[in-house]
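Here come two complexes built around subunit A, the first alongside subunit B, the second alongside subunit C.
== the complex of A and B ==
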């Protein structure tokens, strides 16, 4: 019960694990780009061998970033129900519509399992795991600040087309900045309500309606304080000379060095190999 | 550190000039009765008989304050005190143009706050620190937050590093520069907020109840920083309801129901506790102690206003009795 109130401890946003590895020190813009390319190529790879190779590369990334694999596995845990449900549905129904070709292993009523559907199940499960690992390495090796700066840097060319890139980056930064603040606030409100007899976390996990109802007395005060905070923050920003849409300079500048470019090219080569290499099966 | 805007038309000559005691001279006569430091100095901020009301339309508007005048000179330490709802916070928001008066004008270094083209310049000149330490930090890392104002002013990136270092050093937060703000205490967050303002190199720092949400340690931290900045020549305007903070100021304005009820040095004000009491305010403990001791021992100065002064007074009287301790 007591653990239910410790919200600040469980915040996983920006679960940065500083180990100072080469992956950590990589220019965030190139790192993001490389990660995006890698995830794209995983999504395009549809061979067994290709996905096994992809998984090996993902595991190697953990080693390279000097991050214990347990962090990746704990990221995988909440996704397991989704992966399982998806796998079962695909296994039972995929063969019917899209995979009439190939060998039929099992057929009963509308359920049809074929070699094509087995392939889809295995490949999509592997893809899920690979993508979660890749994203885990990215978020574990990049602080949320670097991540927003990286996104901003990548989107900067859009600024010439009058896309408010900087405003967007600022919104993300402020949102991230206030997550712990609101978590602490929520904790305080839960304690205040609990001390007056409200019950949190006593409903069973499957009783979703009950658990949702439990949260109602927190949502409205939380919204209320959020609006107050927003107003004060806007005043403070204005007092520090912020004018929406005006040209600003940037404190953080990233300059991609030789090593960043080499690592990016290596990432590109791996991504290309995963898509275009002729894996036999 | 201080920049004087060259060629600015002085509001003292342009606008209606009044003295700070709330008495208004007849047309054509000009009296500067309350010039704190050097009478030749131009005021940094000049608030000329302003009124402000919330809401639209005369029928439903609520007056926050009426006919308030105030001058802040370079390097001065001014405190504005009053009960909740006395209009003091609304007044603070006029000093850098966040709000503009319904009637009257506010001049900052010769610029009218109603002039939208000067807004940026005014904000650079008068920095403001707010009440809640959580609601004024925008970035996820301390040094990024200090950079925020500089980015807004368009300071070249090469120059930012030096300014950020200097500002963090001034508030003693250099070692926390890479931390996320939510791991800092309230006092530390507020020091970061001050650093964010200092990096913009303002001439005046306005503290809008900046210590009211802090514990006594946090408050002491902020007061020490502010005192040091003032000694280095920064003008300070502090809005507060803590009488003990008022004792540090050169000059105090007491607001009551939207008007300036009293004005003077802290010593002058604390000499009349009955007057303050009528306005719902209290004299600081040290001053009360001095007055009560004075009632019994007439030799004891009744106008001591700080703990240090009370101690010095006790020391003086004890010393004249021949009993001195040496530490």
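== the complex of A and C ==
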């Protein structure tokens, strides 16, 4: 039960772990692009073998970035019960939803387990793990400043078309920066509610109404504290003379060197291999 | 301060903060309530989009919708959400619809406007996502309709309750004049 409150410890997104590895020193624009391509190709990969290969690459990324694997695993931990529930529901009911596709392994009443539904469950679970790992490596090896510059640099061509690129980059940065803060906030609220006798996670999973009602005393204060923080942040930014849309210069300029390009090409090759390689199953 | 067009500091910050909530709900899976329908999940992750567009206008809602769409595309475990035309594109319209509804009804009754905007924003999500899934051939019309009622209706009701609670609480704070004062606690 106590473990349910440890949200902050388990959320790796938005934290930065400086180890100075090759991945850390990579040009943020190319790193972001490579990560986006990699995640996209994981999303498109439907084979068992392909996803196992993808998982191996993600594990190799941890080694390359010299980030302990425990950081990736702790990002995974809060998701485990949901993955399990989802996997069981999918396993039991998907055979019907997708029609008589594939071989039927088990059939009883409305329950039908087919090779197609087993594939959906295994592949989607693996995929989820891979994406959490990939995103963890990206955020643990890239500081918020680098991330903004990366997003902004990548979107710069859109700026010509009067798209507010800088604003968008800043929104993404603020979002990523505040995820751990809100996780902490939520943890505090869960403890506060629990100390008043609220029970979280004790409702049976099939009791959807109860589970939904459990969420209310957390979500509403979460929104409200978030909006108060937004006010404070807006005020702080205005006080420091931030004017949206103004031309700004950067403290550091990024130049993609030969090593960055080589690493990016390697990433692209891996992504392409994952999508197009003919994995036998 | 004169009325600014486009992204003001406030709008940027509110969009960022609400996107953070959408990401947090997705990552901790608090934003999904698993139900045994073809869509797999009832979601409350579209609520930041609705709140953002009611508070700060449709561009803010659209940006949050885009970030919500991306996170649902990346984290999808149902095959048809792996298609950006299903997972990202429909989400851009949640903010626009709920903003239009809010602005249209606001002059009669603000609270009714918030509630209806919450309902319509959620309905937009349900109808466009499932409609797109049908158009792209992932779902037949029958199961889609069942899902729309079984998932969409509870989602819409939850959305009305949360939107109403959050926005009206915020407006009350607003009216007390606590906004942009140094004594905000």
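Methods note: the second predicted complex is superposed on the first by the 185 of 281 C-alpha atoms of A that agree within 3 Å, B and C clash if a C-alpha of one lies under 4 Å from a C-alpha of the other, contacts with A are read in each partner's own complex, and residues count from 1 in each chain.
The working rule: a residue touches a chain if its C-beta (ideal position, glycine included) is under 8 Å from a C-beta of that chain, and two chains touch if they have at least 3 such contacts.
Since this is a predicted model, take the numbers as computed values, not measurements.
Trainee: Taking the superposition as given, does A:144 touch the first partner, subunit B, the second, subunit C, both, or neither?
Mentor: Once the two structures are laid over each other on A, A:144 reaches subunit B alone.
Trainee: Just checking: does A:77 make contact with subunit B only, subunit C only, both, or neither of them? Give me first, second, both or neither.
Mentor: A:77: touches no partner chain.
Trainee: Name the contact category of A:182: first (subunit B only), second (subunit C only), both, or neither.
Mentor: second
Trainee: If we overlay the two complexes on their shared chain A, which of subunit B and subunit C does A:255 touch? Say first, second, both or neither.
Mentor: Neither partner.
Trainee: May I ask you to decide whether A:196 touches subunit B, subunit C, both, or neither, giving the answer as first, second, both or neither?
Mentor: A:196: touches no partner chain.
Trainee: Please tell me which partner, subunit B or subunit C, touches more residues of subunit A.
Mentor: Looking at subunit A, the partner in contact with more of its residues is C.
Trainee: For A:241, select first, second, both or neither according to whether it touches subunit B, subunit C, the two together, or no partner.
Mentor: first
Trainee: After the superposition on A, what does A:173 contact: first (subunit B), second (subunit C), both or neither?
Mentor: A:173 contacts both subunit B and subunit C.
Trainee: If you stack the two complexes on chain A, which partner ends up touching A:164: first (subunit B), second (subunit C), both, or neither?
Mentor: Only subunit C is touched by A:164; subunit B is not.
Trainee: If I apply the document's touch criterion, which positions on subunit A are contacted by subunit B in one structure and by subunit C in the other?
Mentor: After superposing on chain A, subunit A residues 170, 173-174, 176-177, 181, 229, 232-233, 235, 237-238, 242 contact both subunit B and subunit C.
Trainee: Could you please specify the touching residues of subunit C with respect to subunit A in the complex?
Mentor: Checking each residue of subunit C against subunit A gives 6-10, 12-21, 23-24, 27-30, 32-36, 38, 40-42, 44, 47-48, 51, 55, 63, 67, 73-79, 82, 143, 154, 158, 161-162, 165-166, 169-170, 173, 179-180, 182, 184.
Trainee: Considering the complex alone, what residue numbers of subunit B touch subunit A?
Mentor: Within the complex, subunit B touches subunit A at residues 93, 96, 98, 119-120, 123-124, 127-128, 130-132, 134-141, 143-144, 147-157, 160, 164, 180-182, 193, 196-197, 200.
Trainee: Mind listing the subunit A positions that touch subunit B in their complex?
Mentor: The contact residues of subunit A facing subunit B are 14, 143-145, 148, 170, 173-174, 176-177, 180-181, 184, 229, 232-233, 235-243, 246-253.
Trainee: What residues on subunit A touch subunit C, complex-wise?
Mentor: Per the stated touch rule, the residues are 7, 11, 13, 39, 43-44, 78-79, 82, 85-86, 89-90, 92-93, 97, 120, 124-125, 127-128, 131, 135, 164, 167-168, 170-179, 181-183, 186, 205, 208, 211-212, 215-216, 218-220, 222-224, 226-235, 237-238, 242, 244-245.
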